[in-house]
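Paired with subunit B in one complex and with subunit C in the other, subunit A is shared by the two complexes that follow.
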Partner chain A sequence: MNTLSKTLGFLVTVAATFAACAAAATLAVASTSLSAGNAAVTSCGVSSLTATRNVNNSGNVTQVNVGGIPTACSGETLSVALVSSANASLGSGTATIGSCTTTCSATITSFGATVAATSLAKYSFSVTGT
Partner chain B sequence: MTKAIKGLAKRRTVFALLLALTIFGAVYGFAATLNVGTNALSAGNATVASCQQTGTPTGTYTTTYNSTIPGYQVASVVVTGLDDTNCNGKAISVTLTGAANANLATITGTVPSSGNLTLTPGSTVSAAAVTGVSVAIAG
Partner chain C sequence: MRRFHLTPRRIAFVVAATLGFGTAAGFAATLTVGSWHLWAGSQTLTKATCPTLSGTTSTTDTYVVQATPTTSFGSSTTMLVKSNSGSQDWSFVRFDLSSCGIPTTGGADSATLTLYVTTAPGTSRTLTVTPVLSTWSGTLTWNTAQTLTYGSSATTTIVTGTTTGAKTATVTVDVDSLIKNPSANYGWRISDSGSGNATTTFATAENGTASHQPQLSINYEK
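Coming up: the complex of A and B.
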């Protein structure tokens, strides 16, 4: 009877051990937060712009007038770079495009540097929303 | 004599019953252990929450002229509308995409307490080439 009790006790212990191991099969899963999204970066319709410049008696550019800006660009910021024939920036300036009904225009009078009209070969534009 | 035989038979029945239960428990335990020990199948569920509870992250841009392009490049991307209450300190990744959803530049940073974040591309990105922006916040 004593041997029988010891045997049963051993077997019950073994069974309990396996049962405990089986309980570890439960997989705990957790996660940190994740947020993601996409958005289109649309253009207000500017594909090309035209500009004219005013020149003073010293031959320097005093003003750049940009016209033909789509009305969708109203309120956005226009940047204009005055560019040499070697694509170097001679000066640049910005202006806020005002409200308009048909097409908009903007005038820039400060370029951060004195720009000789003879050096000006082309303009480069950028319009950014706010 | 009959009483002794009956007692012996009774003990054998009890023994057999306990032995059967023990073996069942052991086999059950073995089966469960194999699932974990071999990683044959582990499964669970967890909710992937978003820290952006309020507001919409919005990308705005500054540009600067680049003679190499030549033209305007993206100087910085300013992300506004971040949920600074819940996303503060979390990693943010901003990708500028172009035609055919090509990755033009990926910029990483950390969501500040102010809710507005300014990021500078590590490479030259022509402003004219940008058609989309993707934002991910993880942490």
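Coming up: the complex of A and C.
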């Protein structure tokens, strides 16, 4: 009986340990996998995006305008990172893609940092949503 | 009661069963992520410099005189900016950007207007550079200048100093707008709203010394 109690206690401990491992594994997978190997992740029809930007008289970016977004993306979230020639992020921002009839557009006006247009070499985009 | 012995074989079974359950639970949790839309991409920009714009081919400039409100000075080799209230002079300058070949999807990274002072005022003046929002030509007069539309605020200022030489003004925000909307290219008015009676004289595109002519330098992206 004593041995059985010890054994059951051990099993409970082992189960709890692996339950914790399972939770940890879930977090790790969920935070990194997204599209990897999962056919259920699709886009809303975007094949490419292009942006224009406005500057103030000091040459700093004041807003980024993204057009030509498919209507299926309406309501989803557009994220834009402003990237330097060294591939470093200079700033980033997000906007919700509004409702639209033909193609959608979105404007981002806050990047979390002052970004000089002369340093801007690339836009990186992502569109996410349910 | 039958006694239960914890053997290595039994321990291995328990570990395998528990690990399998835990792993299955992990994957089950990630399936909810599969209902999301996701797309990512990028756009690389190209940097370039427009050859400096100057000369009569790419520049239109003139000045208007309040004291002679119907006279135009489009062919003058100099242009004046005068502060005297009730007897002001304004200068106007604009550039044709078409030779740069900048697409309307591009934008200015930096733009600098350079004017050459041929006769400096006795005391340094701070001149106002204001965007012009409606069309004008070398036949502009003081009276017709009153009918033009101007930007609600100045783009920048030019401090003249008291000696001759080149003076620069940053006009990036205006050139960025001109790139995106080339048909609205009406340049700038240079005026002196300060007190007193002072005159600053600049060289125009018709000036015989090429290096003294108004210039516009543009660095851009496309």
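The rule is simple: the second predicted complex is superposed on the first by the 90 of 130 C-alpha atoms of A that agree within 3 Å, B and C clash if a C-alpha of one lies under 4 Å from a C-alpha of the other, contacts with A are read in each partner's own complex, and residues count from 1 in each chain.
Convention: a residue touches a chain if its C-beta (ideal position, glycine included) is under 8 Å from a C-beta of that chain, and two chains touch if they have at least 3 such contacts.
Values in this document were obtained by computation on a predicted structure and should not be read as measured data.
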Answer with first, second, both or neither: which of subunit B and subunit C does A:Ala88 touch in the superposed model? first
Just checking: does A:Thr130 make contact with subunit B only, subunit C only, both, or neither of them? Give me first, second, both or neither. both
Scan A:Leu49 for contacts with subunit B and subunit C and give back first, second, both or neither. second
Most subunit A residues touched (candidates subunit B, subunit C): C
If you lay the two complexes on top of each other, which residues of subunit A touch subunit B in one and subunit C in the other? 1, 4, 11, 14-15, 17-19, 21-23, 25, 29-30, 33-35, 38-41, 83, 124-126, 128-130
Touching residues of subunit A toward subunit B in the complex: what are they? 1, 4, 8, 11-12, 14-25, 27-41, 79, 81, 83, 86-89, 92, 124-126, 128-130
Quick check on the complex: what are the subunit A residues that touch subunit C? 1, 3-4, 6-7, 10-11, 14-15, 17-19, 21-23, 25-26, 29-30, 33-35, 38-44, 46, 48-59, 73, 76, 83, 117-118, 120-130
Tell me, which parts of subunit C touch subunit A in their complex? 1, 3-6, 14-15, 18-19, 21-23, 25-27, 29-31, 33-45, 47, 105-110, 155-156, 170-174, 176, 180, 219, 221
Counting only contacts in the complex, subunit B reaches subunit A at residues 11, 15, 18-19, 21-22, 25-26, 28-33, 35-36, 42-52, 57-63, 65, 67-68, 70-72, 86-87, 90, 96, 127, 130-139
